[in-house]
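Letters A, B, C and D name the chains as they come in the text, with residue numbers starting at 1 for each one.
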Amino acid sequence: MVQGIVNWSTELNEEWLQNYVDDWVAFYRKHTKDGEVASYIPKLQEANPHHLGITIIGNNGLEISSGDVEIPFTIQSISKVISFIVACMERGVSYVLDRVDVEPTGEAFNSIMHIEMNQVKKPFNPFVNAGAITITSMLNGNTSDEKLASILNMLEKMLGYRPVLDVDIYESERDSSMRNRAIGYYLLETGLLESDLNITLETYFKQCSIEISVHDLAKIGLILANDGFDPQRNEEIIPRQIARITKALMLTCGMYDASGKFATYVGVPAKSGVSGGIIAVAPPRVRDEAMPFLSGCGIGVFGPSLDDKGNSVAGIRLLRHIASQWDLSIF
Amino acid sequence: MVQGIVNWSTELNEEWLQNYVDDWVAFYRKHTKDGEVASYIPKLQEANPHHLGITIIGNNGLEISSGDVEIPFTIQSISKVISFIVACMERGVSYVLDRVDVEPTGEAFNSIMHIEMNQVKKPFNPFVNAGAITITSMLNGNTSDEKLASILNMLEKMLGYRPVLDVDIYESERDSSMRNRAIGYYLLETGLLESDLNITLETYFKQCSIEISVHDLAKIGLILANDGFDPQRNEEIIPRQIARITKALMLTCGMYDASGKFATYVGVPAKSGVSGGIIAVAPPRVRDEAMPFLSGCGIGVFGPSLDDKGNSVAGIRLLRHIASQWDLSIF
Amino acid sequence: MVQGIVNWSTELNEEWLQNYVDDWVAFYRKHTKDGEVASYIPKLQEANPHHLGITIIGNNGLEISSGDVEIPFTIQSISKVISFIVACMERGVSYVLDRVDVEPTGEAFNSIMHIEMNQVKKPFNPFVNAGAITITSMLNGNTSDEKLASILNMLEKMLGYRPVLDVDIYESERDSSMRNRAIGYYLLETGLLESDLNITLETYFKQCSIEISVHDLAKIGLILANDGFDPQRNEEIIPRQIARITKALMLTCGMYDASGKFATYVGVPAKSGVSGGIIAVAPPRVRDEAMPFLSGCGIGVFGPSLDDKGNSVAGIRLLRHIASQWDLSIF
Amino acid sequence: MVQGIVNWSTELNEEWLQNYVDDWVAFYRKHTKDGEVASYIPKLQEANPHHLGITIIGNNGLEISSGDVEIPFTIQSISKVISFIVACMERGVSYVLDRVDVEPTGEAFNSIMHIEMNQVKKPFNPFVNAGAITITSMLNGNTSDEKLASILNMLEKMLGYRPVLDVDIYESERDSSMRNRAIGYYLLETGLLESDLNITLETYFKQCSIEISVHDLAKIGLILANDGFDPQRNEEIIPRQIARITKALMLTCGMYDASGKFATYVGVPAKSGVSGGIIAVAPPRVRDEAMPFLSGCGIGVFGPSLDDKGNSVAGIRLLRHIASQWDLSIF
């Protein structure tokens, strides 16, 4: 890595920053060997475990990309952020939060026990599978394509283009995710589903199979960093209250059962997915006066080699390093 | 309450602000009837359930107090914040976090199950009793008075005076808290305690019995809001990294199993205790440019009537209202 | 009730015995008001909560029936006894018990948690739903009708006639039991199912819907009391080892999470179902020399008003009374 | 092992039987290497893992001993059987069972979770530590020696001599068993203890440290096999109802979380302890007509090498073999 003490508050030229990020990506790429790619569906297992890429888009116009940023991947659990936002916009925040709680939990990410153990009989939060499936069932539309359109419309507004599905992944998830079907029937039993189960699950599998890039994740992060406002097109995409609640949820529940550690050691709202993507959100802060080259940013990371919590093993370390170097923590 | 639309960004004179806060305290005082004072030790049960008081100390010198701010009360679980900070300063952050995890949990605040269910055999976080007792066992000193001195020294540095114990409460807790003794023996069994059990528990009961005021809580909150720096005496009290980790923990785990809801609906790092105290921390933010009368603040609340999670029932609602009116959320 | 001290070891004529049983049924019928009929499917809810009937068939030829013995009802969970026996006969005991454990559990009868919490990843026992569905998946046959035939063949051998399905109940269960579908998909995820899920569930819903009478239950009980040998037709129906393992399972796991209490207070192998049926097995014992009028017996009970564990509220008390009076406990 | 097909119903001379048992002990002694001696206190760890001994005392006067029957050992958890019997005799069965439930559980033997998870707030059964400590607190006496005397009196009546404590083991348990102290304080918190905690725990540690032999265990087993009646001295030691409830509890909860497997594969009431002792009870049955050389028996086993459930690894296999050969199962 580039040696020496860096005073980030000094204005750096873009080339220098790019060099630093390139160095860090090169360094943390070695950490990809400490994890494994997701294996529960064959298509995900084909991912190259050595891949690591990052895009950072700052509020001041700076954009840095480094590593394997050209590889498209499926959005997976990061779609839970989008469906939560859309459901809140379509139904109202209180409608959604009356049906899904917002408490983090120390348990593993896809446990059925979650639902059973919360005495108020609501899924623990929108980012456990039970909560996410419940939220998908609330989306407008009578078919899975209509429901999916709600999500794709939001993504199109955010990204400026309409993402497509990876049909292989979708079919693979649809045919193999027996645990999500189990959760679905459990939700049906407890009366939490607001749509037909098959339509809900089909939508859920489709939303997880949306193809995305690290640049897309960084752009979504930038919008969230600005409380739902897109500074590049000068337009509010998400109502402010919903954007902020979403960030609170990402901070407390976004990284599976490593959420507490991520909040403590990295300190920014984030959400990961089993394909290796992470979206991270660094809002502008008073301290950013000391870092004029960013002044708030969105970050997209891709690194399909996962740790035992289901998070990108190198991605998390890279984010921790950057957050520490550039003092991105919201705390 | 004072009617009309308020534009808080307009500079308000201090009298107006005081009037608003007085109104809110009067309004939320009615909510004290929705809870009950803690009953597990007789002395706590003597608290007046109708009490509600608040002090807000802003970075810009503004200080507002309203309601029952003259009533001293014991710090209880809020002392876990202080002992965590002291242990990190005495032993180093990584030493402490190697022994106590930082994951929130959906379970009730004093459950022994916490320890058993975390596979790595560490208490879930420093704010569940098992974690707090483990941390107290790490404090410097060979006697409970020496260990307590570590905490009192820190409080004296923060507050400018050395708080005293409420001896009745201390003796009451020492003689009645069988659950904490159970937890203590469990920790001894698992090898987590770093001091003699009786000395550790004695220290723990003493630290919970330190007498404090809402003004004290607001002052501690102000120091945390400034990353450990006391703006009033121009002095660093807590190393920056430790102050920020503490805030991350408060946000994810500070309000028992309502922590997720507090993060979502109020959005500031906070810690509550069963005597009815809450400390809340609103760091300065870019958005505060719109609220020059505060520019970051510490808040102390006291309201001994508790909800079923163990948090001040009126205090939480008052904080939610203020955070919403003045846009204090860190998200 | 018939008053006076009774010396049951004195030979009583059949009329006297009948009078006693009639008295007891009349007395415990009043207890039917302490429970409620199962409500999870409409057809079950139509049951008359005041019904209570019993048939006792002794090894020595004595047969006593009293109360509502003419009402047919569906076998429900009692079918788990039959499917377990058939699977053991078709596959071998060790094949079956390699895939389903035999440990009782303090948890509720249909919990999904059961599967997750047993570290060896097997359903806790053949009588929790997860275990029963796994066992149904092992039955011979490629269709649900072929699999069901295995069960009906066994029942025909035991009863001398081929029972029929209550099609309304079957369709109702098939269309409403979302929890069993949830369990089914969970089993599919964990690789425990040995047949197609839909065929397995269809079979399971059919086997639960077999129509039966208290006399039938008493007859099955008599065969189990004789270690699988039918004393009336002088023929072995179930291999001895399988019959005895079945009784051990009934004793430890047969009455949902009241199994321990039933073993302690009644003391005979038994299995209940949500339609209100109970099958109880009292093997011949040395002590029966003192009770020559029975010398081992099978008992069938029907009382659709259920307690909060899912067992016939009056049926359990009637069985406890009879077991105590006639000293039926195997202990 | 002795070869050939054995017809046990043929009267065998005592020498032959002795030869068979000697063979089996020699064979299963090899299995001692599949386990480990208890290590939680140093004194227990000194046990010789290769030891295996058995004594069988039949109702007809036959007594067979084989292997390491001369080694004294501490009674440990088998004392829970005695304290339960004594408490029922002193307080009445319903008093005891109102305070401790009788449900088996799939959980490990000394879990604190047991208490918390049973909604009625009673320990799951008298043989988990929480239940046993609660029962010890009910024993007559104001000091631990007085309470212990209740247990020693009962043992003296059963055995014809008054056993002594292994003081080293007692002191070791007293000083090291932090988990039992944790359970004790938890019971104190929930109001379940009926005596001073320290006196209760002292009694509990003493009762576990009573020195015993396999012959003693066999004799106690014989008395239980005869419903509390000692056939050798022609005297009732335990009331019949209590003896039978005790056997029901042993069958459903006696072998930690292998109780279900032991009931299924061996089929007799039994209780084990971590020093490697097992007491097994085979009541006389109709089938015993075929085995006149026993006609009901008590069995004591000692084999300090334990399996992962805490049961004597070779002892369980030896018992299974004997129960199968001689058809001892009560089912």
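The working rule: contacts are C-beta pairs under 8 Å (C-beta built on N, C-alpha and C of every residue); 3 or more make two chains touch, one makes a residue touch a chain.
Remember, it's a predicted structure, so these values are computed and weren't measured experimentally.
Between subunit A and subunit D, the least number of touching-chain steps is 2. The fewest steps needed to get from subunit A to subunit C, moving only between touching chains, is 1. Centroid distances built from C-alpha atoms place D farthest away from subunit A. Inter-chain centre distance (subunit A to subunit B, centres taken as mean C-alpha positions): 31 Å. Chain centres here are Cα averages; for subunit B and subunit C they lie 56 Å apart.
Averaging C-alpha coordinates per chain places the centre of subunit B 50 Å away from that of subunit D.
Within subunit B, no positions touching two or more other chains are listed. Every pair of chains in contact is given here: A-B, A-C, B-D, C-D. On the subunit B side of its complex with subunit D, the touching residues are 111-113, 116, 178-179, 181-186, 188-189. Partner subunit A is touched in their complex by these residues of subunit B: 97, 101-107, 114, 117-118, 124-125, 244-245, 247-249, 251-253, 257-261, 263-264, 267, 269, 283-286, 288, 296, 329-331.
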